[in-house]
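Right, one structure below, let's go through it.
Each chain carries a letter (A, B and C) given by its place in the written order, and its residues are counted from 1.
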Amino acid sequence: MANYYIPANYLIKNICDVEIIEAPFITTQTIELGNKYSPEFVCTPFKYTLGTMIECLDKGANMLLQFGGGCRYGYYSELQEQILKDLGYKFELVNLITAGKINIKKIYKIIKKIDKNFKVSKGLYYLYITVNMIKYMDKIDDYIRQNIGFEVEKNSFNNLLKEMLEKFKTVNNPIQLYILYKIYFKKFKKIKINKPKNCLKVGIIGELYTLMEPFSNYFLEKELASFNIEIKRFTNVNYLLFDNKKIVNKALKKSKKYMKYKMCADSSTNVYWAKYLGINKYDGIIHIKSSFCTPEIGVMPILDKIANDYNIPIIYFSFDANTSEVGIKTRLEAFYDMLEMRRK
Amino acid sequence: MNCYLGVDIGSISTKGVIIDENNNIITSAYIWTEGNPVNAVKNLIEILKKDLNSKYIVKGIGTTGSARKLIGLLLNANIVKNEIMAHAVGTLALYPDVKTILEIGGQDSKIILLNNGIITDYAMNTLCAAGTGSFLSSQAKRLNINIEDFGSLALKSTNPVKIAARCTVFAESDLIHKAQVGYKKEDIVAGLCKSIVLNYLNNVGKGKKIKSPVIFQGGVSKNIGVLKYFKEILNTDVIVDPNSHLMGALGIAILAKKNKTNNIYDLNIKNIDFLTKANECKGCSNNCEILKIYKDDKLIDIWGNRCDRYIKN
Amino acid sequence: MKIGIPKALYYYYFFDKWRYFFEELNIELISTNTDKKILEFGNKYANSEMCLSLKIFLGHIAYLKDKCDYILIPKIDNFGLNEQMCSNFSSLYDLVNNLFDVKILTYEINHQKKKNEKKGLFSIGLQLGFTKKQLKKAYQIACLKYHKQLKRDMMINFNKLESTKKKILIVAHSYNIHDDYIGKTIIKNLEKYNFEIIYSDLFNAKNLSHYLSLNLYWKYCKESLGAIVLCKEKVDGIIFITTFPCGLDSLVNELVMRKIQLPYLNLIIDDLDALAGIETRIESFADIIEQN
């Protein structure tokens, strides 16, 4: 997903001696492959990950790692394994999360199997670096998202980001990483932007895979930035792995009017975020998900109500492997026009 | 005198309007796109020019509809906008107090809510072509009915059949079944009209507060059967303007007027050689289809690339 | 006092016990069968992407909202770590609370957090002004009667496996098999043929499910799969019934169909009027079974 493969590869590379086949970037070919072998109304991330797996296996991988938990994600691997085996591939698929909990014993066993010289202390050390790397990346991403639409020189943000990630790959202690992060944050802040004080502000919420994998949302954020809109997105890996519980509890406390119980996957936090965007006078909410995402479909009526109560327009996108890109662009453009008109 | 041209190029039809400084329509035209927007627009302009007095000079051109970008280049338009905005502006010019615009076109359907002349909310169909004009006409063909007679036939029915219309595939199999069982044709047709309305309200109109005055536009608005069920189910009057098909073109003409510069536009485009060449980029396995637009053999724009690689080459 | 119970989703798992429980407390329960009207209501309130079963549920709520004092909607999260529920079950309460203006009785089932049905029903009882003693008695009687009835139903279902007729196993969630509009229509169609019809939800076999799927963590899917493992030697064919677009079935049924050797029919039900084509499909499936 997006740039997160960098910390993941970093961790694996440093704790055990294996050759990593990097998952190729998702392309139309990936989607076609995934679509071809997936059941009909499974949600889109299933199709994307299946396509990626096939591409990795074709490149010679013999072990696939997958993290999946919550709603349907947790069950993906078993069916995908069956589908791939039916296709004749030979490999080992390891899902590192069972029933929503990270399975530490299993991970330890697997690492031992791959590399007999593995030491726990070394593993923890690099895990610590990786966790920090993700945290820093998310902080930088957040800054980029708010400002990339206003960059004076095209691609200045993306080029600097690329440069930073390359440097991240080579760090070997936490202090070095921290210093790098500080240096680059300053550099990012120095990038020239031309941002009016009262620019349009839009919040993006929804289902996490679609939010975080730019290919699956047809580069929606890039498109929004081209309209000179400041973007707020809450979902990132940091939220997913470390802050989840805290935010869900906060969400339940702060939006009692709209919900009493915790709901599946990220639905509860989305309700809270929608309310947050309403209270903080954002101009609009964009809700994106893959088609057939049950938890998100279940809260859409609640989001509608919030949008109505706070008088903030909300637009929904359901992405599928067959979604037409032109259709999305037209709808986004119209959404932007509407927000502009409402400002006047 | 100054005048402004608005062109709305849809998948099925192409519409053009020329207005004066006070938004009055000087002349208008409506022709089939027939899969070739460039030719359609060339023909359209020729028709419009015939009725245009030589005292007028064109001070602004706007394009909207699905081929807006391409035609925008062809005509050198000073504004290119999506059809939602154009329809809202066009309708507001004729009905300043409109609150709701329902639209069902050939490929898509939408709803626009307005308050005091400002768009406050809108939605478009998400699922598929179910309940749009192209679905209706393919079903009409299946039932061997002329699409023009569809509405009047529906009015004859007293007992419309219920048809599942959430998805084209389901609807079609259900329709075939109902026909095989021996329902009367008018009841099936009426059922289809009703199901389109229900589908629209449950889908596009879900959660939207529909307030009158309500205006119904798009190709399907010419179908009096569908109109009848809209009135019945919404329990309010629904207006269909005789010029409703021109709203998009009118709207974009008005927007072109608002956006005018000092440029003067030339409508002699008949002999411009306008060419789109497509080829696949081999840069990565995305294989983006790159469209290159040539005007009189000069490359003027490139579309379709997801990354910047192609431009560099 | 009247309490409305929508005849959809959780109804089919809990109603029998609730009936005895509230009977003891002299509370009248109201519910109705799914019909065209209910579905129309459902379509009005539901989001177009919701699954048919959830639409039917919302239709029932719309029907009940002016006919009773309260509507009972539990939030069901899980019955233990590896016995999760479909995500819809955990958002029902809040969904209804936001969509409708009704009074709702609710409790949470979350065995991981030690919240079970007994505690929930007691909290509702206390809220309605009953004493602990009354509730204890009512709950005991309800459990007794319910288990007796369940045992009898399961016996009948189990004994069908020994029948000499051709046997067909229906695999679906209880709320689809027993719904008057979905499952019952299909079963009525099947009754034309001389088959023994066996239901996947009337077995106590969820422990067997791991023979088909190791990682499965949905309670009701486990029960269905357990039933398949238990019956696969004895039945002649399987009919899967899925409401479009059920998230769990889309994965689990696909996996099962890849693994079993029996003839099967996969029926996906969308809008109910589309049941039209199903008659033909059942007919041809019946032919296959007869010929084997």
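Heads up, the rule we're going with is that contacts are C-beta pairs under 8 Å (C-beta built on N, C-alpha and C of every residue); 3 or more make two chains touch, one makes a residue touch a chain.
Predicted model only: the values in this text are computed from it and were never measured.
The chain with its CA mean position farthest from that of chain B is C.
Of all chains present, the one whose mean CA position sits nearest the global mean of protein CA atoms is A. Looking at contacts between chains, the pair that accounts for the most C-beta pairs is A-C.
Rounded to a whole number, the gap between the C-alpha centres of chain A and chain C is 34 angstrom.
Chain B and chain C have Cα centroids separated by 45 Å. Touching of two or more other chains is recorded for residues 47, 49 of chain C. Shown for chain A are the residues that touch two or more other chains, namely 301, 318. In chain B, the residues touching two or more other chains are 126. If you check the complex, the residues on chain C that touch chain B are 36, 43-44, 47-49, 270-274, 276-277. Chain A contributes residues 24-25, 27-30, 155, 219, 301, 304, 308, 313, 315-318, 326-327, 330-331, 333-335, 337-338, 341-342, 344 to its touches with chain B in the complex.
Contact residues of chain C toward chain A in the complex are 45, 47, 49-51, 54, 75, 77, 81-82, 84, 86-88, 90-91, 93-95, 97-99, 106, 108, 213-218, 244-245, 247-248, 250-252, 254-255, 258-259. Against chain C, in their complex, chain A makes its touches with residues 39-43, 46, 71-72, 74-79, 82-83, 86, 95, 98-99, 258-265, 267, 291-292, 294-295, 297-302, 305, 318.
Taken in their complex, chain B has these residues touching chain C: 126-127, 162-167, 170, 173-174, 177-178, 198, 202-203, 206.
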